[in-house]
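Can you keep this structure in mind? I'll have questions shortly.
Labels run A, B, C and D following the written order; every chain starts at residue 1.
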Amino acid sequence: MKEERTAILHIHCRDQKGIVAAVTGFVHQHNGNVLHLDQHVDFEQDVFFMRMEWTLADFDLELPEFSRAFEPLAKQYSIDWEIFDSAEPIRMAIFVSKMSHCLYDILSRHESGEFPVEIPLVISNHADCGHIVERFGIPFQHLPVTPENKAEQEQAQLALLDEHQVDFVVLARYMQILTPQLVDRYPNRIINIHHSFLPAFAGARPYHAAYARGVKIIGATSHYVTAELDAGPIIEQDIIRVSHRETINDFIRRGRDLEKAVLSRAIWLHIRRQILVYSNKTVLFG
Amino acid sequence: MKEERTAILHIHCRDQKGIVAAVTGFVHQHNGNVLHLDQHVDFEQDVFFMRMEWTLADFDLELPEFSRAFEPLAKQYSIDWEIFDSAEPIRMAIFVSKMSHCLYDILSRHESGEFPVEIPLVISNHADCGHIVERFGIPFQHLPVTPENKAEQEQAQLALLDEHQVDFVVLARYMQILTPQLVDRYPNRIINIHHSFLPAFAGARPYHAAYARGVKIIGATSHYVTAELDAGPIIEQDIIRVSHRETINDFIRRGRDLEKAVLSRAIWLHIRRQILVYSNKTVLFG
Amino acid sequence: MKEERTAILHIHCRDQKGIVAAVTGFVHQHNGNVLHLDQHVDFEQDVFFMRMEWTLADFDLELPEFSRAFEPLAKQYSIDWEIFDSAEPIRMAIFVSKMSHCLYDILSRHESGEFPVEIPLVISNHADCGHIVERFGIPFQHLPVTPENKAEQEQAQLALLDEHQVDFVVLARYMQILTPQLVDRYPNRIINIHHSFLPAFAGARPYHAAYARGVKIIGATSHYVTAELDAGPIIEQDIIRVSHRETINDFIRRGRDLEKAVLSRAIWLHIRRQILVYSNKTVLFG
Amino acid sequence: MKEERTAILHIHCRDQKGIVAAVTGFVHQHNGNVLHLDQHVDFEQDVFFMRMEWTLADFDLELPEFSRAFEPLAKQYSIDWEIFDSAEPIRMAIFVSKMSHCLYDILSRHESGEFPVEIPLVISNHADCGHIVERFGIPFQHLPVTPENKAEQEQAQLALLDEHQVDFVVLARYMQILTPQLVDRYPNRIINIHHSFLPAFAGARPYHAAYARGVKIIGATSHYVTAELDAGPIIEQDIIRVSHRETINDFIRRGRDLEKAVLSRAIWLHIRRQILVYSNKTVLFG
């Protein structure tokens, strides 16, 4: 069932009577067989969200025609929408610094077929992970960053992302803060992993801060990158319990497992088109 | 929004094209405003499930008429369905033995308004919890059970449940095995809490068995009672980590917290009509 | 084994060679049978911690004599120490406001014998919980607090705590900030429950703040109260996962279960003398 | 502090008065500086366990002499003991079949220095993972197993383990059942990962069994291998929550993350000499 070609439709609009009936009716008229339908109403903000996935086997519209056919309905309900074709390849770039744990985790999942994406390149401000990336047969771009050349190197990064037609970027413990010139080009398309349960311990050295505060749980948070540091829409979080016996080094070591797991779950949700973003929050469907 | 009177519809049938459009279209035609819609397809068994909740304020059918109006659609798709009126009171009976922790937890939630149900009576095979029940102003029925009088006492229990028009029963650590004469009268309407992560450690003394096996996690499971002991549809499970330092008494003490929490979550889901049962499994919506 | 009368010794001092041998040797010389021994070294701060519990059956010192006999050793190693007699009753006061969930949880545990303490009184700034407390046969003191009378009412609270020889205080969702005149009288003897995973969402309305931020986990934290709001030594924390489907009311409802469990675990650790406090952190033994 | 050369002593014996004082006194006499001391008494079985770690810098016994010096004390208390030198290299072999996720996880941790062991070889009954192992510069031995050649291939495996002086073996989703001829040679030295929360779903296809039973949590268990399948001493377990929305493929995919994490935690504990085994259970120290 999984391997069938499907269309995935994301919708949000003001909450209105009849919206589900209208949209499901439209897909049914065109002979689409709905596999998954999730809807959610944020009653506080009065917003309706829906994700629908249907098989394209008998659907009588080609996806490029969908827009024209759906537009009248979209207008009537003032719907913001986006449609995805499951057969369309997704191109993911990875940014990494010196630490390899998230990188290895992502590349081995990709190699085993778990992440159905193309990885045209890995970019790093350090040379350390180059040999790992090359083992997996993926081009590695070493772009060292200094305060002086940062703007320039971000231009080089942007050029590479363009050239390789990258759809989204994963910051796999990339230890540089991106500037708006890069962030604004990939809205809700840059996924970061931060090593704390945000909003606690935003910024630098969160494990040290957690240790100093004497917390009994530590966490990790994956989120979309926005202009404000560590403040973008949260996709996934998880935690582990810690005790007084553990040193900062234990936090760092055990935290790596959290970071790997949380980042990879966020990538999975993004690839599967299960994330809708609204008001700096995520709605996770499926 | 919560306090509005709503209708809740449960559906399951063979998976078919157009089913969501048909049912949401029907509710829309009668001017229902959908608050929640959840659907799920079990592709393995080819079964479609849906739970829909809509406001009755502008709905142009009285619920008693709903059946007649919906029947043609239900026939067309061979739908099994059930409808609930959120304004209809739900009557819950509690069975308890000597241990009071689940009982207190349920009664204090009820008193604070968390569980919007009526509790017409608590039945026990022991007198121990009588004073607790009476503090809450609820009738307490002491029906001691021996191997000899068990069938007879179950008849007395059934008579009481009938008399008080009980909708569902909660076994709050009731230490008697129910016979089919009682179980069969309340299919998917008797909720038990078992103090292990089923299917591990079914039957008697699960904490002792867990201790003997040297597990690193212990759990609790709430499920609907069926003819086979501890084998009914699982509603909710949770676990805690344990260590070699903990004795059986620690397992029992810490397990009580699990039991309370897991049982109360199951009651909540049942009251909210969020549980659909199929093939000895539960689909949990909302 | 549990019911035997025991001595519990807490120690901390600069880390030194031979300290464990010296202290265990001392207890052995006096014929104490060690049941539990936990030690921890904070290498960063170079501090040694130990908790030892031994049976008093054959111990050849009465606890009042212990001090004199142990003093030379304590001086030699510059040990800070405290000794407890498991047979000595512990007196716990509860402060509560309008919400009853933590109160019920504590009182029902106490009634069932889980918390081996005496509860001489419950103090509240509202009358709402009075009937609950009285059901359990415990005196209830209603001391309404306004900005004008706050200092005066705290004096009344202190007088009551003195009069009833209270050892420690539990703030069971008490919605007033204590002033230093009260806090300073019970250092590391006032346990609060805060409804967030501190340090995230300190202060008022943490569930609302968590909802606004779009977090995927919410938490609760029990800690000793210090002069700085929500910044005292953390005793216990726990979390639950939440989703976009949940409203603030769901956070509040589900959070109550966390608050109950986390607060009760902190009380348990305190009663069992398992908590050592140092540098605004807790070392939890056993 | 971590990098200092240390001795680690494991002890178990009948619980006796004065045992801690005697052993810590012995180490102190020989000028050992204790870094970690953990003790545990199983009151049910009346067994005393201890793990002590001290620095060797000023210790006045060479470890080979330790045995002779400690023997009188060991005799006096009938102590079973084992001592480890942190500077002694540990040699770990990995057995793998077709699935690479645990293998990658272990090898990348090893490469980053997280696992301070030597990996002289990886053995597999399939050729699939050969290219992965070789990328890490580790010898790969392909020993295909059929019902006919199983005994013979186990002899070849044993010969390789001998030849490479392997201390312990990790079964990283190795899909063959080991026979006693292999198991008995490495008592408490073969670590397996089973993809269920044992004792639930022992044996083949646990995810399928979990799916059929409709559980709400799935788990993974690492344990030492004994003659009885999936019944050895449990080292570590963990779980994740699942929902009706998830298929068996989701269980398998998400379970891989559990398996990786749980197996690697068990390896860490084993390497750090933190595991004592007794009565088919583990005592985990530190």
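Rule of thumb we're sticking to: contacts are C-beta pairs under 8 Å (C-beta built on N, C-alpha and C of every residue); 3 or more make two chains touch, one makes a residue touch a chain.
Keep in mind it's a predicted model, so treat the numbers as computed, not measured.
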Pair joined by more contacting C-beta pairs (B-D or A-B): B-D
Farthest-lying chain, centroid of Cα atoms versus that of chain A: C
Chain A and chain B, separation of their C-alpha mean positions in angstrom: 37
Chain centre separation (chain B, chain D; CA means) in Å: 42
Where chain B touches two or more other chains at once, by residue number: 43, 245
Chain C-facing residues of chain A, complex: 40, 42-44, 197-201, 213-217, 219, 233-239, 243-245, 247, 279-284
Interfacial residue positions of chain D with respect to chain C in the complex: 1, 17-18, 20-22, 24-25, 27-28, 31, 33-39, 41, 43, 241
Chain D residues within the chain A interface of the complex: 2, 100-101, 104-105, 108-109, 111-112, 114, 135, 245, 249, 253, 256-257, 261, 264, 286
